[in-house]
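Consider the two complexes below, in which chain A is the common component and chain B and chain C are the respective partners.
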Partner chain A sequence: MTAIATNPPRDRRSPLERAYARLGVLLIAPTIIVFSLVIVYPLLAAIYLSVFSIYTPTLQGDFVGAANYIELLTGGAFWHSLGVTLIWTVGTLSLQIIAGIGLALLLHQNIWFRSLARSLVLFPYFLSTVVAVLVWRWLFNDLYGALNHGLIQLGILDMPLDWLGSMPNAMIGVILVGAWKYFPFVVIAVLARLQTIPENLYEAARIDGAGPVGRFFDITLPQLRSVLVVIILLRAIWDFKEFDLLYLLTGGGPVTSTQTLSLLVYQEAFGLNQMGQAAAYSVGMMLVMLAFMVLYIRRTGGK
Partner chain B sequence: MKTLRPIVLNLVTWTLVLLIAFPLLWMIITSLKPQSELFRIPPTWIPESITFEHYWRLLSETPFLRYFRNSVVLAVSTTVFVVILGTLGAYSLVRFTYRGRETMAMLVLFTYLLPSVVLIIPLYLMIASLGLSNSLFGLILAHTTFALPYALWLLRSFMEGIPEDLENAALVDGASRMGAFKDVIFPQLLPGIISTALFTFILSWNEYLYALVLVNSESVTPLTTGVMSMLISAFNIEWSLLMAASVMMSLPLIVVFAFLQSYLTSGFGAGGVKG
Partner chain C sequence: MANVTFRNVRKSFGEFVALEELDLHINEGEFVALLGPSGCGKSTTLRMLAGLEFPTSGEIMIGDRVVNDLAPGKRDIAMVFQSYALYPHMSVGENIGYPLKKRGIKGRERDDAVQKAAELLQLDALLDRKPKQLSGGQQQRVALGRALVRDPQVFLLDEPLSNLDAKLRSYMRAELIELHRRLGKTMVYVTHDQLEAMTMASRIAVMHGGRVQQFDTPDAIYNRPANRFVAGFIGTPPMNQVEGTVEGGHFITGGHKVPIDRSAYADALRDGPVVLGVRPEAITIGKGEGLPATVRLAENTGHETIVTLELPDRTRISARVEAARRLDVGHSVALTFDPDAIHLFEASATGARLNLDAKSASVVSMRSK
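After this line comes the complex of A and B, so read on.
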């Protein structure tokens, strides 16, 4: 931001600086055009559509004013889905953070084939959600699934469980798969930060007689604090809006027990064909998310 | 005690790592099991015999190869389009001063965090009215909504890491801004560009929702919705075939992991997790 501080007032800019500013605008212009077309316009259109009642197949509709928003506030579906979204987000995010920090600490140690271990841990994050879901639905299969038989052979279960078809198993199932798929993000971010903690901090603590647990709480955790805040905000935003994983694993079911806000919007628009109402739900969802977003943007200072 | 500790640490870590990798291992094992062995109760953890028949059937009897081709066209086009725009845009956002620059940067970050379902409804209407439903071009346009903010954000971070002195030295030597960009900035930025391109490719390759809503014609169906429809339409689900499809679908990823992993990790450092 030094560029702004040293920049002379606008009216006293040299011809060269003005030429540079023009070039700068020219370079960003294609991006601005595409942005306006595919993001800004649809965003405004979503808000506009939310005051209409539109039947998806014909795209015919009437102006209904605030009716969609009154339905949102009083109909119950939005609040139910908001609750489901919060349970899913808090559940999967906590697991991601705990598993992520744990594994990052282990992988930071000098273990055999460390880079292979890191690759294996990283892989689920980059895997297509479709692939992840197929594999897990096969693992969860109630008759032939490896998970049930593995747990029976280990003596943890007596009977095969219906993982995705009943509650609370379905919620536990999606939270588990979500944690498996997204915790590597936490591992990588935490690992990168761990490498920058000066070794002499640990030396000093060791001399003072701090054990491994004490060193973790007195040195590692405070050092990780700032990166953890950013990870938690970012992952909270991403988990909150997750669609593919839940839609493909349970479709929101059984009934609507795992129907998060993203699924509610989709279901309303393309299942029930009520596009206007769906747009209102999506605007409502965005308003909830805006709180996280502002927090994140504030926290990172736009970096 | 002193010698035991590393061994315990290794065992614990590797048990956990293998547990995490187990679903992937199981995917490969299932795809290689003959049909007769698949529905054994309890399942055979190590296959008694190995077969490639599912891969053969996938390639010869299902539209898998067409889906694969569509996905390649889709992901490559999206990546090229977005990386070109993003590189120019990031250069502008980081190294030029003009009114509205900060606003633009904020807008990029905001859209980077925006949920797809908010945009999907108006995009569906827009793409239908432009006559682009069921076309790869329409889908590429839709992919831009998440790929462009993402690429811009990543490239912006990489661009900020390039010392300004380098460019200034070139300017003092009489280079034009674009000349300096070509000779000084671009070579420095190249690893960042590769990293961004890989991330964008993976994002686009894996995308599901837009393909679900905007495409219902077989001829443009990408892998994500195509493979999923193989699951839904099958009368009795052929898990071996689906696992073979899953392995094949992950091939580009495996290639990236085997040869280009350092680019992925460096992209992570830039992608908003600098803390």
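After this line comes the complex of A and C, so read on.
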């Protein structure tokens, strides 16, 4: 703006256009300022911290250069947690998408309890994670849990199973709870899109000889494509960073079997009091996510 | 190829009755237009034939088969939608080939059929485009291509031209007539545009209030309308209707006698109230002898002038005169009607034609609800 004001001969815009431009700058300024404070500053601070060895309680420490990053690349903890994160993200995201599309299709039908079901389906998403996890831990409990009790009653199990304390049950457990908690998001987004698909397309397909399955793959799925791209992008980011659900459910255990990168960073920073190393891990985590997102946006055409 | 029969078909949506009672027989290879104002039941009729709606009662037959319980894909029909309903994510070629794909026709055979349909509709240069890259007229042709690629028994067209501009519409009308002549297939065409129905159809079913009012050739629909609705719906401007009475074989309105051709009515002409129908082109505007009227409006369209006239009882009628004729608004004139072009209807609001011949009478008989 100052450049514009001090160079009047080069500015051929009318006073009204300049007034609009000033208004525009004014309107986006709050966003820019808040964004800088809460995103840009912590990001730069993390990168800065990651080249120090810092003791968390005192926040004192020495410059160590790339040592934290060498530990990241060679120490194994990062790569192990990255693997866990990928299994968790892919597993829970796939279930969310499949369950979400399935339930959205069901709720799109003319069923008599539709409006009630549409509100109820949001329930897991509304529920606070702490509450949800407490309920699930009770269900999963190996001694008095409802899940084991039910499965034994049905004759599927003959012995109670340790759901969250052993592998691969713990991973299956967190993936299931994650899917349960977040699939409503997929339902709502998909349902909104389903309602805008012209009925004519289905009628034309029926006349052209497509059955229900054919109509799903030839019309519904291609029509959902654009919204699925966005949902998968958003949910992948959020699942990749998921912290509270995993921390509360297993705390990363047994041992480090469900310790995702978020949990690793937390453990390093507040369990082992190594803030510098934790910062290096979080920078690594960000780079991995960035790489995935760039790849994904390229693959889906960025349309 | 096949004929199409509706037998005692009734359709209601809850309380709302869309079709009262439909009996319609469409011959093999015929081009039939279902014509009527919106809400008359014409689209419902077509959608029932397609299998997208189910009749509440009655039977629908294609050829010798009762199709009531057949899925749309099994009826061997093709449909062109008003909105075209092209699959947006598929190319033109994939759109046209889709009905074949769904019937398990693969490879060369499908490609050849798509190519043939595309050439017929001059779409061969556009096969790789997506529908949204096409103009309205091109999308229309893709929808047609998807319909004719499969060689179905019956073509169903639901207002296919109403989204096109006037120029393209008249071009596509000619194309469709040509296409029907070439394919010789049974076609059922829904429209609210009488010009489309009159120019394209071999027979027209004029529908109103969930009933077929008249099912006949365009010529008969225009020249022998079966009731006052058909008379008032067909023609631009439509047929004038003048209330009056028959006394001793003459039509009397406002104390003036209008000569009619009594021989055309035989014993149907009884004394009592009737409605006289006369088309704007059968009215002569003159001086002296005739029905007195006042000129209210003269609209010159270039090749003719439509004159709106007011009779002493305030009924407004329109007459068609040559464009050069000057008529001053407010002037009194005398009207004479061509006796051979006069139609008489029963005086009820839904009045049937007085001298209905047996054939159309069986189809029509519009009853008041």
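Keep in mind that, in the parts below, the second predicted complex is superposed on the first by the 278 of 303 C-alpha atoms of A that agree within 3 Å, B and C clash if a C-alpha of one lies under 4 Å from a C-alpha of the other, contacts with A are read in each partner's own complex, and residues count from 1 in each chain.
Following the convention adopted for this analysis, a contact is a pair of C-beta atoms (placed from the backbone, for glycine too) under 8 Å apart; a residue touches a chain by one contact, two chains touch by 3 or more.
Bear in mind that the values here come from a model prediction, so they are computed numbers and not experimental data.
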| item | value |
| --- | --- |
| Partners on chain A (chain B, chain C) - clash or fit | fit |
| Which superposed partner A:296 touches (first chain B, second chain C, both, neither) | first |
| Touched partner set for A:285, first chain B, second chain C, both or neither | first |
| First (chain B), second (chain C), both or neither touched by A:46 | first |
| Touching partner for A:214 - first (chain B), second (chain C), both, neither | second |
| Touched partner set for A:200, first chain B, second chain C, both or neither | second |
| Chain B versus chain C as contact partner of A:128, first or second or both or neither | first |
| When both partners are placed on the shared chain, which of chain B and chain C touches more of chain A | B |
| Touched partner set for A:151, first chain B, second chain C, both or neither | neither |
| Lowest C-alpha to C-alpha distance for chain C against chain B (Å) | 10 |
| Interfacial residue positions of chain A with respect to chain C in the complex | 198, 200-201, 203-211, 214, 218-219, 222-223, 225 |
| Interfacial residue positions of chain A with respect to chain B in the complex | 3-4, 7, 17, 20-21, 23-25, 27-28, 30-32, 34-35, 38-43, 45-46, 49, 59, 103, 106-107, 109-112, 117, 119-124, 126-132, 134-139, 141, 143-144, 146, 149, 152-153, 180, 185, 188-189, 192-193, 226-231, 234, 237, 240-241, 243-244, 247-248, 261-262, 265-266, 269-270, 275, 278-279, 282-283, 285-286, 289, 292-293, 296-297, 300, 302-303 |
| Of all residues in chain B, those that touch chain A in their complex | 6, 9-10, 12-14, 16-18, 20-21, 23-24, 26-27, 30, 38-39, 41-43, 85-86, 88-89, 91-93, 95-98, 101-102, 104-107, 109-111, 113-126, 128, 141-142, 144-145, 148-149, 152, 157, 177-178, 202, 205-206, 208-209, 213, 223-224, 227-228, 231, 239, 242-243, 245-246, 249-250, 253, 256-257, 261, 264-265, 268-269, 272-275 |
| Chain C to chain A touching residues, read off their complex | 50-52, 71-74, 77-79, 81, 83, 85, 87-89, 98-99, 102-103, 146 |
